[in-house]
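Please find the structures below.
Each of the next two complexes has chain A plus one other chain: chain B in the first, chain C in the second.
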Partner chain A sequence: MKPVAKSSSASNPLDADMHLRLEGIITPMAAMPGALLPILHAVQDAFGHVPPACVPLIANALNLSRAEVHGVISFYHDFRSTPPGRHVLKLCRAEACQARGARELEAQLVSRLGIGFHETTADGSITLEPVYCLGNCACAPTAMLDGTVHGRLSTERMASLLDSCGVKK
Partner chain B sequence: MSVRVYVPRDTSALACGADEVAAAINAEASRRGITIELVRNGSRGLCWLEPLVEVETTEGRIGFGPVSVDTVGELFDAGFPNANSHALSLGLVEDLAWLKKQQRVCFSRNGIIDPISLEDFEAHGGWQGARRALAMRPQDIVSAVTESGLRGRGGAAFPCGIKWQTVHDQLVAQKFIVCNADEGDSGTFSDRMILEGDPYRLIEGMLIAGLACGANQGFVYLRSEYPLARQIFVQALERAREAGWLGTNVADSGRAFDIDLRIGAGAYICGEETSLLESLEGKRGQVRFKPPLPAIKGLFGQPTVINNLITLASVPDILVNGAEWYRDLGYGRSRGTLPIQLTGNIRCGGLVELGFGVSLRELLYDYGGGSASGRPIRAVQVGGPLGAYLPESQFDTLIDYEAFAAIDAMLGHGGIVVFDDTVDMTEQARFAMEFCAIESCGKCTPCRIGSRRGVEVIERLRQGVDAAANRALLESLCDTMQHGSLCALGGLTPLPVKSALAHFSEDFQPRPPA
Partner chain C sequence: MRSKFDPDLGTPAIQSLDTLKLVQLSINGIAVRVPAGTSVMRAAALNDIQVPRLCATDTLDAFGSCRLCLVEIEGMKGYPASCTTPVAEGMKVTTQSTRLAELRRGVMELYVSDHPLDCDTCPANGHCELQDMAEVIGVGDTRYHHEGANHFREDANPAFAAPDVSNPYFAFDPSLCIVCSRCVRACDEVQGTHALTIQGRGFDSKVAASQDQSFLDSECVSCGACVQACPTAALMEKSVIAQGQPERNEITTCAYCGVGCSFRAEMQGEDVVRMVPHIDGKANHGHACVKGRFAIGYATHAERITKPMIRASIHEPWTVVSWDEAIAHTAREFRRIQAEHGRDSIGGITSSRCTNEETWLVQKLVRAAFGNNNVDTCARVCHSPTGYGLKATLGESAGTQNFDSVRKTDVMFVIGANPTDAHPVFGSAMKRRLREGARLIVADPRSIDLVRTPHVQADYLLQLKPGSNVALLNAMAHAIVEEGLHDAAFIALRCEDASFQRWLTFIREPRNSPEASEADTGVPAASVRAAARLYATGGNAAIYYGLGVTEHAQGSTAVMAIANLAMLTGNIGRPGVGVNPMRGQNNVQGSCDMGSFPHELPGYRHVSDNAVRAEFEKDWGVGLLAEPGLRIPNMFEAALDGEFKALYIQGEDLAQSDPNTQHVTAALSAMECIVVQDLFLNETAKFAHVFLPGSTFLEKDGTFTNAERRISRVRKVMQPKAGYADWEITQLIAQAMGYPMHYTHPSEIMEEIARLTPTFAGVSYARIDELGSIQWPCNDAAPEGTPIMHVDEFVRGKGRFMLTEYLPTTERVNARFPLILTTGRILSQYNVGAQTRRTPNSLWHSEDVLEIHPHDAEQRGIAEGDWVGIASRAGDTVLRARISSRMQAGVVYTTFHFPFSGANVITTENSDWATNCPEYKVTAVEVTRVSQPSEWQQRYRAFSDAQQQLLRERRMSPTPAAP
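Let's look at the complex of A and B:
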């Protein structure tokens, strides 16, 4: 199951501008059957995360309890309640990539970034996430940086990806 | 006249630099004053050759690969895009033995056409199955699928026709067709390749399912890890709608059918059909108790066909060529073809579509060319993270659902992950338990808690603590998970673990501290 987020501290209330933007996302989608996931995706696409303060608004629009909305957010690995770093790096940890050196890449990332999965570097440059298969298993190992898939990764190529994110050497 | 050059727009091709190669080819051509027409096709599935660039000639398409940005200049120096003998030249792509020996049914158009061109699709046999279906009685469509022997390609291998018949027989106004495109198994990408390389094939298959079962609404549940597939499929849906193949009056037949694309959110369990339905309804993806079957009470409580993408993509050709033609392909009770994905530590990895009955060994060595590292192949995991690890002594097993069941293994969605002799099977067994713990929906204890205990026990085994006792504990934990879990996540995670213990027991012996 999904690990519990470390700091889902009392969230900042929504400012007026954000409130408006949220309504603009939620209102047109609220009537579609099974609207919650599409809405959460749209919110996360717009804000980079799902701010906890928007939960009541979504719950209200869909006639759900806050607990139900929170339960859905916490169930799915994709949704995050806190903003990510400037870059998001997802390393494939699944078997086909393991067979081509994903464990070495994992060690490299943990050592150079000084963080583990689901964490963001102190300078906010990069968030590291695990992913279980990106469908690139014949050209493994694989990682996705800000939505772009990179295959046949070596530690050298991984190092240059990190350089391109401004990660300190 | 301009020469037509193909550079795939497919996740694996792009992951190996296809966009950069396409840009370099354009730049180099215009620098040299050569006019080319650059087409972005899907992938042929010769993944080890990606990016595989093709040039159209009067004899057929000549391939070059794997092309990198650095080699584009050299290619032009050698005469590209005209025939030349550069080291990367592969000759006629259709003549490559790897491709020529295959029996491509679902993948007949992949890599050949421009994926979102409706003209290309039609010119290569597209919509013929749908046209037939529009002229048939629903029961006759269902019967054709039943007689073809088609079984679900998502893993459970359930007869497709029986499922369709059940939904067909429900006298209810609102029914649904759901395509399972969650493709969570490591070592699989055939669903993705259809979405990226021949997306109208899925639309056609779903339309036929809708006509057969009396459903006017379809849903595709696509995993979020496939952004390019999503982008291409969205475009395909729009164009199909504009062309009248989706909507309130499909191809002027007076029948309605439309498809809604929904995106998952990174949960492996949402590939399990009832969890998927919960997710489509906007809930936590927790597995439902069965009965009721989805075919009777599925999405929003209505009768629902839920099929894997490849199952649906197999249907058009069955209607065009006949149930008998399809049934004549294959082996034993496994009829038709299976798109097999060769992955991991394999020299020539990619998509091999063949009738059932080929041996694992043929796939690994004749198609795959052995390991990529050049070291001996020691273990292969077939069927995703819940599939067994097979040793060399089982490589003669045939690709057939029953043959795999007979050795306590499964074919799943046709993914084969290859490991060489540097693999540590205790790590693989531990990962199987870890994955189950991460992805458990939490509904039942043997899966939710058992998998965590499993990780700990294997860790103790790895450290050589109380080997005999911990091994016995692990075996009994596996039994509990196998028999006490509601769905196959908890129920089959023991498969990779027990197969690792059984066939690679030397790895589990206490070893001297490093």
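Let's look at the complex of A and C:
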């Protein structure tokens, strides 16, 4: 029940192109059982994030409320509501990696990037996220850059990963 | 905050057949027997053993998140949560031990470490469940200090979120929230809006509305279920924050819609602090809507008139007079007019907003003191066809079920009703059952909310053309008969064979087939057949209908067609089925029962019935007329003919609510003495000569009868602001006119009602107090009332199938008026709006708008928000346009809550053939872009302003006296 004469759009509206692409994602998946998570993954894969303006359309397609969809998106750290940097680096902070030197890597990242976890560098080159186990403990410490897992990371190897992302030295 | 006067058993009662099977277990060594399926927590609570809890409450399903209700159960590993563990035979439960105490203390320390400790200044102080638990569990010094991350220190913590005070009635303070999810679950389970969620996880968890918006900007419908469910002050009524907690309470009944919710009015002295729906209320089970719970500010609004006033002409200022003078003047005028123009030149109007007792007195005043039968009621313009149609077919002028029957319904057929807006609490009950898997057929010109709302999806939306209900209902019956889906055994046993055979021949005629009627209804035959099949074969099928059925030229025919369908498929006489009229106002059923019609004495017995009349004559000590009196429209005609001169109107606003406003106001202007008894200077009062200040439902004792025939008490919680309750005013008029009425309390009126009305024979205030509420018929055969009617046989014996020939309305579209206007209500406003417009509810709906289909709008060059003129044969008005694909092309829609909208300037005098119920739902119109209000609106504004001025200029009488 919205009040009169007051707009309540949660974010910028979708442009026509995004709207079409979104429908292309939702329509074939809407009928499958438990469609919400697969749809959210597909949207994030397509747009790099789940724009809040997508939520009403997803909710409507699945006959859920906006609140329910918002609750799911905000519950999972992997889903993001704002665009990430050009690259996403996820550093594992779980026990095995910490035991094998992940804290040093964390300090290295914070100092070189000048940002903390869940943040993006000012030039938009990279977004830093924590992750709790990538299943690569035997090769700890581990990080994931744009979906690719890198094991046995040293500060030198991490530095070259950052270089490859165009991060200033 | 739940009412502290309602004990909480922690988890809901089990609703299943197994409830008859009792399970024995022992709790703390005490042998306990409870229905199978009951939770250990509830079993303990039922035996006065309280298990600590925070996330559990008996209005919501168990959730198991707070981990305070852990118990030990012999043979079970660990410490199961008592809220989610069902009882089992022979179970041995321990609710208190050293280990349990340690575990609970550990949890409580965590809760308390993230909660401000300024309980003294908290609005929930003394009635906060967190505080209670801290007390019970004993948290002295917490090991976790307040210095670390928390949600309540604005200065130190990024997780702090400021209170959301956007809703006019309640505030949300996240710093006080313990994330028990009770509010989220209440919104999901009880209200069914799903507007809330827990956003984030772990320490970030926060209650959020929609996509982390303010409550006001979200889908929240402000029902307040979350506020009631909150165990702390996180969600709290602003009135409690401002006024403090109530000290006493009184159980009463809501004065808004026909659901008739039971409430606790929680009071401080003479002030209502808040209204809390009563957990044991049988119509609402502890739920309410934005109107009943919050919109009561009108009762103390500055515009209320609390002194009687008179004037010789409506162009003069009012004179404030004493009650004695006002009553004497009224009686004198009525008698003078009767002497000059005849006995039949005066009449009275009863109100569906007043109590049964008050309605009874008004019709008694008319019949016994006026000496005629010129009494009618606002039900004339809403559900009179229900009375007529159901009486003719089933034998009683009322719905067949109780509301709880919906819990056993498998197929709902909703036609011409919009429950989530107009009957929100029952709408929520419907949604709950639909989420459990019941199927849904909706027949409506407009796609109502129920058609598609989170977790609810109608199987069929039959978007018919306004005015074609009968054609659609006939087509469904035709399809059922043709496919042999009718219940032949039920019909043979329960219905009149001759009427059925005659009807069968009629309905089988090809013109009644879905294919033939497609042209009239606009609904594809295949959908009609599929919906008919579902209704006939889907299990327990119930029909819910509202004014979209009755307010038509064939309103009575459609009601009979509905009854035919129910009888045809055997869907009557047991839980889960039936014919359910959704009554518009709180006491429509009651005002009809109380003999408010010019042709019927109380209990729907014709005035020409000598035996019945004799009973009344004996009891009332006066002769009664055997000829019916005038209906409202006849009164207007007679007034314009100069034969009808005076009207006593109790709590009704004819000038706004009756069709063809200009005709109504002309008739009112032609009368010599109009007496309006109301809270405010309503539209009718602007034409009145005497104003008698009425009382709100909070200021008097009485009873209301809701849509399920449930008689509930209205209890006085404060003194009448004007000195008298409405029944007392009617009594004073009767006395002044020389007819004795000497009731000292409404209970005495109820005794008279019970004495003279067979269906009320067993009703008394004492009995209502004992049972909570009673559904009539209540008599020797049914001493506790009758939740479901027509169980073994119909009230009239055998059910009668009535022929329901479809005749299109004469109100047809043509080149000049190519669109059909239909009308309805919105959630936040109520009928003529006299009450809700004087509350913050107007924040959600501050003016009536015209909904128009995008195609129709485009053709006329109309954009969203444009001023549009709506013209019909009767008149024209101007509203703002809202482009809406809820509409079908060719149909426009508006609500009628604001007098300036003039919705009834457009509606015509066409009416139901049997009852004169106006055809509000079908008016041929044309819509055009305009730049200014209509001529009528400009005249209205000038007249209304002048009347307000005359009110402001009111003079004191030379001899004022206190009542």
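Going forward, the second predicted complex is superposed on the first by the 159 of 169 C-alpha atoms of A that agree within 3 Å, B and C clash if a C-alpha of one lies under 4 Å from a C-alpha of the other, contacts with A are read in each partner's own complex, and residues count from 1 in each chain.
Everything that follows uses one rule, which is that contacts are C-beta pairs under 8 Å (C-beta built on N, C-alpha and C of every residue); 3 or more make two chains touch, one makes a residue touch a chain.
Predicted model, so just to flag it, every value in this text is computed and none were measured.
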item	value
Per-residue contact with chain A, leading partner among chain C and chain B	B
First, second, both or neither for A:A99, with chain B first and chain C second	first
Contacts of A:H41 with chain B and chain C, given as first, second, both or neither	first
Partner chain(s) touched by A:P52 [first = chain B, second = chain C, both, neither]	second
Partner chain(s) touched by A:G71 [first = chain B, second = chain C, both, neither]	both
Chain B versus chain C as contact partner of A:N63, first or second or both or neither	second
Touched partner set for A:C139, first chain B, second chain C, both or neither	first
Interface residues of chain A shared between complexes with chain B and chain C	1-2, 68, 71, 75, 77
Interface residues, chain C side, partner chain A - complex	193-201, 208-213, 216-222, 290, 452-457, 827-828, 843-847
Touch list for chain B against partner chain A, complex	11-12, 14-16, 47-48, 50, 183-189, 192, 224-229, 262-268, 279-286, 300, 341-346, 349-351, 372, 381, 385, 415, 417-420, 423, 427-428, 431, 435, 437-442, 448
Residue numbers on chain A that touch chain C, as the complex places them	1-6, 8, 10, 52, 55, 59, 63-68, 70-71, 74-75, 77
In the complex with chain B, residue positions of chain A that touch it	1-2, 33-38, 40-41, 62, 68, 71-72, 75-79, 94-100, 103, 131-140, 142, 144, 147-152
